[in-house]
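You will see chain A twice below: alongside chain B first, and alongside chain C after that.
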Partner chain A sequence: MATVTLRGIQKNFKETEVLRGIDLAIADGEFVSLVGPSGCGKSTLLRIIAGLESASAGAIEIGGAPVDGLRAADRNLSMVFQSYALYPHLTVAENIAVPLRMRQLSAAQRLPLIGRAMPGAAEQNREIDARVMEAARTLEIDGLLERKPGQLSGGQRQRVALGRALVRSPAAFLLDEPLSNLDAKLRVHTRTEIAELHRSLAATFIYVTHDQVEAMTMSDRIAVMMGGEILQCDAPARIYEDPADLRVAEFIGSPRINVLPAESDATGRISVLGAGLPLALPGGRQTLQLALRPEALTLTRIDPLLHGCVAHAENLGHEIYVQVTLDGAEQRVVLRADPALQAQLHLGAEVGLTFDPARALIFDAEGRRMRNVVSALQEVPA
Partner chain B sequence: MSRLSPSLMIRHFILLIGAAVVLAPFVVMLSYSLKSPAEIERGTGGLFGAQEMMVDPKCALRSAPRREDVEAARARFPGADDGTILATLTNEARAACEVRPVVFNYRSAFQDAPLLRYLANGVIVTASIFLLQMVIALPAAYALSKLKFWGREAVFGLVLFCLLIPVHAIALPLYLGLAKIGLTNTYAALVVPWIVSAFGIFLMRQFFMTVPDDLVDAARMDGMSEFAIVWRVMLPTAIPALLAFAIFSVVAHWNDYFWPRIVVTGDRNLFTPPLGLREFQAGADGNLYGPMMATATVIVIPLIVAFMLAQRRFIEGITLSGMK
Partner chain C sequence: MTTADTFTAVPRERAAPSVDRRQAGTGWLMSAPALALMLTILIAPVVLALVLSFTDYSLGNPGFNWVGFENYERIFTRSTYAKMLSATFTYVLTVVPLSVGFGLGAALLIQSLTRGAAIYKAIYFLPVMATLLAMTIVWQLMLHPSIGVINRGLEALCAMPVTRGLFSLSFLGLSPEATWFGRVCTEGTPLWLGDRDYAIWVVCFVGIWQGFGFNMVLYLAGLTGVSRELYAAAEMDGARSSWERFRLVTWPALGPTTVFVVTITCIRAFQAFDTVEALFSPGGGPGKSAYVMMFAIYEKGVTQNLVGIGAAITVLFLVFVMILTVIQRRITERKVHYA
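The block that comes next holds the complex of A and B.
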């Protein structure tokens, strides 16, 4: 169990900058997700932490000790790969035992056939067998120990890969999209299990995924990566409620956050699609973007801020996602509505929308979050 | 069932001709190994020969009655003159030497030449060559497929270039080199020139390219050194490809006549099976085709048996369908 600290990690492949200065401090026992679209450098970052790839610049510490230049085997980390990467010629038990055998047995003791006869080997092997059994029990794969990976289902292989990672006590677990090869149902189930495993082991987990739901549901903190940078690293609720960057807001949350063109006038008063809001931003006239989560928008008859008509509705049973084409805007907005309203939400129905101005997230034209928004009921500071 | 359309029939006809051309020498070899010399000479006896008793000429020569045999046998033939006794004894000796042609051919193969010794040499040489080829080709292929280093593509280019060099072009310099260090007429001369196999490196590299990088990374995380990865991870996953290479390598060197003929000049104890065929070649009494073909049959049988056993995996390896 240990902390993991990254300082100014950069990585270039030839001319391409893959990582441009990553700083991240992960506490002991913390579950941190690296999430982002494909090509954002999250897997590269994990491989650099693992020691499978070297950084072009920057420093890594694990448990307070610098590990730069240390090969992967000596960093005392465990990794679960997306493809599971089980040894196809070994049984499940042998697969799980490999990390222990490589570390605890001498080269002579590892020799096939005669290795078991070497002095001390019997005792070591008994201990290894016991720990393999323990790991297998934890993951409920103790019935599969004699099988080969080729005879296992995807979910079972994934458990074996987890078993191989947790059979020894590493400083931290690195997981590279471990659920992406599972079907949807199993993914939800395994998600819970990994989160529970993290709780019971109280170990440091670094989890790479492109799936925001996985990141949201399991993590203590989420680091949202894009274009080789960490845009924001915060608790899941904070990332969702209070994104620092429009790209973070757009990446996290499903359905996607609604972004509307907005502007502030000379006094700083903000308006969206011509509707004035009781919000103001010091600094005079500028182009802004206003983002609203689908649940922040509500249908209303009384004094609506925005007008539009229903373009599409998706009934999920417990709620309806309504897509509304706004008057004066090109893109549609999505909102969540009560299924009881279905009858009124036929295609082309005229609807009025409103929202609580306090829930609107204001970004500048480049997508940076504007945090100095004030309620316009107060006097705007000059 | 599709009907036999004319184009299909033509196709099959061409394939059948091809098969016949390839199989004919083999059939002749098998057939000759069963026939008596007289049948071979006259072209009679069909495929299997009539298998009529024949007299083993060597045996007959060996046991031909001599002067003292006639003297000793006089008691058995009271009153007969020497000529009659000699004729009777000769007939007896010839009768004792009567064998079936198939027995004669195969017995000659093993008795007239130390064929077992040659077979053992063949096993020693081909096994040593293959093992050493593996020891060199696997790490080389691993490096060329999974390690990143400056000039890797250039090195691989050189490997491909080496595939283009015909053996015969470098035979003379190789021979001179071996002669200079006094290695001719040794097992080393038969083995050493072949242990770096460009084809082996190429084949294994192509196979290793299909092994997921994650597997190598997982092994690194598990604490394996690069060499341990080659022997403990890559080798076991590459068994099908290795088997394919084994067949190429073993067949080529088991059947090789050219190189052993060059470097083994005197010592018959080093003869490989193909060199053994020369024992029956154009002696004073002409070619002994029967025993020669029997020898050839014995030589190819191990290869055919090995191929039959490994056929499925061999084809797997050739198609290089590794893991997904």
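The block that comes next holds the complex of A and C.
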């Protein structure tokens, strides 16, 4: 178990900048997710940490020791691949044993047939078999040990890949979208299992995913990556409630966060779609963007801040996602409503919306979070 | 609906056996043309060869006598046929492993290239595309004892003290007779095609030279199917050397390709004919040292019109190929993994 520290990691493929200076310090035993849309460089970053690819610039330390000159095999890391990358000709037991055989047995002891007769091999093999069995029991695949990967389901293969990673005690586990080939139901189940595995092993996990739900549910911290840089790295709740960048706010959360055009007048007073808010931003007149999570918006009849009509409603059973076209705005906003209101939310129904100004997230025109927003309740609109 | 169901269900149950029989009859009728073709074109010639191998038939004779196993007895007792079997197995056992090995080696080297792979592929594939008969004539010229470029080259190397000393290893204190090159320099260059010690190896060399490019192409196709992520996994699992990665990933993944390549190469090796025909016709080389099976069949069955003995060798040839196929099937079932 160890810390992983990245300093100024850059990666260029010819002219293309894939990573532009990644700094990340991962604590011992921490579960960090690298999340972002495809092409953001998260998998490349993981492969650079693993040593499968070299960085164009920057330094990596694992457990406090620099590993920049070390090849992947010598970095003492385990990796779970998206395609699982199991050896198709080996049984489950042999697959899980490979990392131990490669590291603990000499070349002579690994020879087919005669290898087992080499001095010391019998004892080593007994130990390896015991550890394979232990790993298989942890993952409940001890009944499959004699099968070949071709005879396993996707979920079972995924477990074998996990088994191969955890059979030895690496400095850190690297997981590259391990759940993306599973069906939705199994994914939810395995999510819990990986989180529990992390708790019981207390090992450092670096988990790459494009699925924000996976990142939110399992991680201690999420690093949201876009365009080759980390936009924000924080605890899941912090990322959701207090995003530092509009792109982070838009990427995390489903349904997507609502973004409305807003502005501040000469006194700094913020208004959205012509409705003044009890919020102010020092710095005079400027164009702003106001973002609201769907649960921050509520339907109201009394003194609504915004007006619109229902454009679409999705009933999920426990709640309804209502899409509302606002008067004076091009885009729709989404909010969550109680299914009991279904009858009133027919298409075209005129609704009034309100929200708690304290839950509104203010960004500037470039999408940077404006944190110096002050409450302006004392000023009564003229 | 219910009345219709019961109405149709009852008679159908009773009629079932005759319907089955009629369907079976139609099935046989429909497959009859294919069966007839298969029997006449594929099976009948083999059976005919088997029948002829028990006779002394010659083409043009009005009749023939049954001679029992006499033809087979000859094959296993006469020295000519002992030489035939020896030459055939020498050829197969040399050409198959080496051309498969070189094919795999060339494919692996080409795959590791970042640029220029297409040129190497084209060069290695040239001998495959060229007609073997035409290329054999070129080899014949090159191997000519006095005007051939190979012996001229050897003589030139012998003439220079530096290369003579280097290749005959005399700088290590060895006598000129101790090395092959030393003997060439002192006793004269080999007769290649006229010497029974060299003839079959020249045929083997041409066979390998001509065949490995084909195997290389098959292996290159096989290599494209090996998952890149498996190599990454092998590296993460601690496979440090390229040999370990080859053992863990490449070789198992190439299993199906290897089975195919070995089968094809074996059959082609057993069928070797044109090199011997071009270099050593008639006779099959000095002291019949390059008298391979196909050439023997041609010589006996066609040139000398001894159809009976030719047929017997053909049957033997089929038996060898069958045995090979069975062995390969066994290995395939046990060892090769088809992903």
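Definition applied: the second predicted complex is superposed on the first by the 377 of 382 C-alpha atoms of A that agree within 3 Å, B and C clash if a C-alpha of one lies under 4 Å from a C-alpha of the other, contacts with A are read in each partner's own complex, and residues count from 1 in each chain.
Throughout what follows, contacts are C-beta pairs under 8 Å (C-beta built on N, C-alpha and C of every residue); 3 or more make two chains touch, one makes a residue touch a chain.
Predicted model only: the values in this text are computed from it and were never measured.
Annotation for the three-chain superposition on chain A: chain B and chain C clash. By the document's definition of touching, both partners, chain B and chain C, reach A:87.
By the touch criterion defined above, A:73 reaches both chain B and chain C.
When the two structures are aligned on the shared chain, A:52 is found in touch with chain B and with chain C.
In the superposition on chain A, contact of A:2 is made with neither chain B nor chain C.
Applying the stated contact rule after C-alpha superposition, one finds that A:148 touches chain C and leaves chain B untouched. The superposed model puts chain C in the path of chain B at one of 6-14, 60-68 or 114-122, which is 114-122. On chain A, the surface patch touched by chain B in one complex and by chain C in the other comprises residues 47, 50-52, 71-73, 77-79, 81-83, 85-90, 98-99, 102-103, 164. Against chain C, the residues of chain A that register as touching in their complex are 47, 50-52, 71-74, 77-79, 81-83, 85-90, 98-99, 102-103, 148, 150, 164.
Contacts from chain C toward chain A in the complex involve residues 227, 229-230, 232-240, 244, 248-249, 252-253, 255, 337, 339. Note for the complex: chain B touches chain A at residues 212, 214-215, 217-225, 228, 233, 236-237, 239, 323. By the touch criterion given at the top, residues 47, 50-52, 71-73, 77-79, 81-90, 98-99, 102-103, 164 of chain A touch chain B in their complex.
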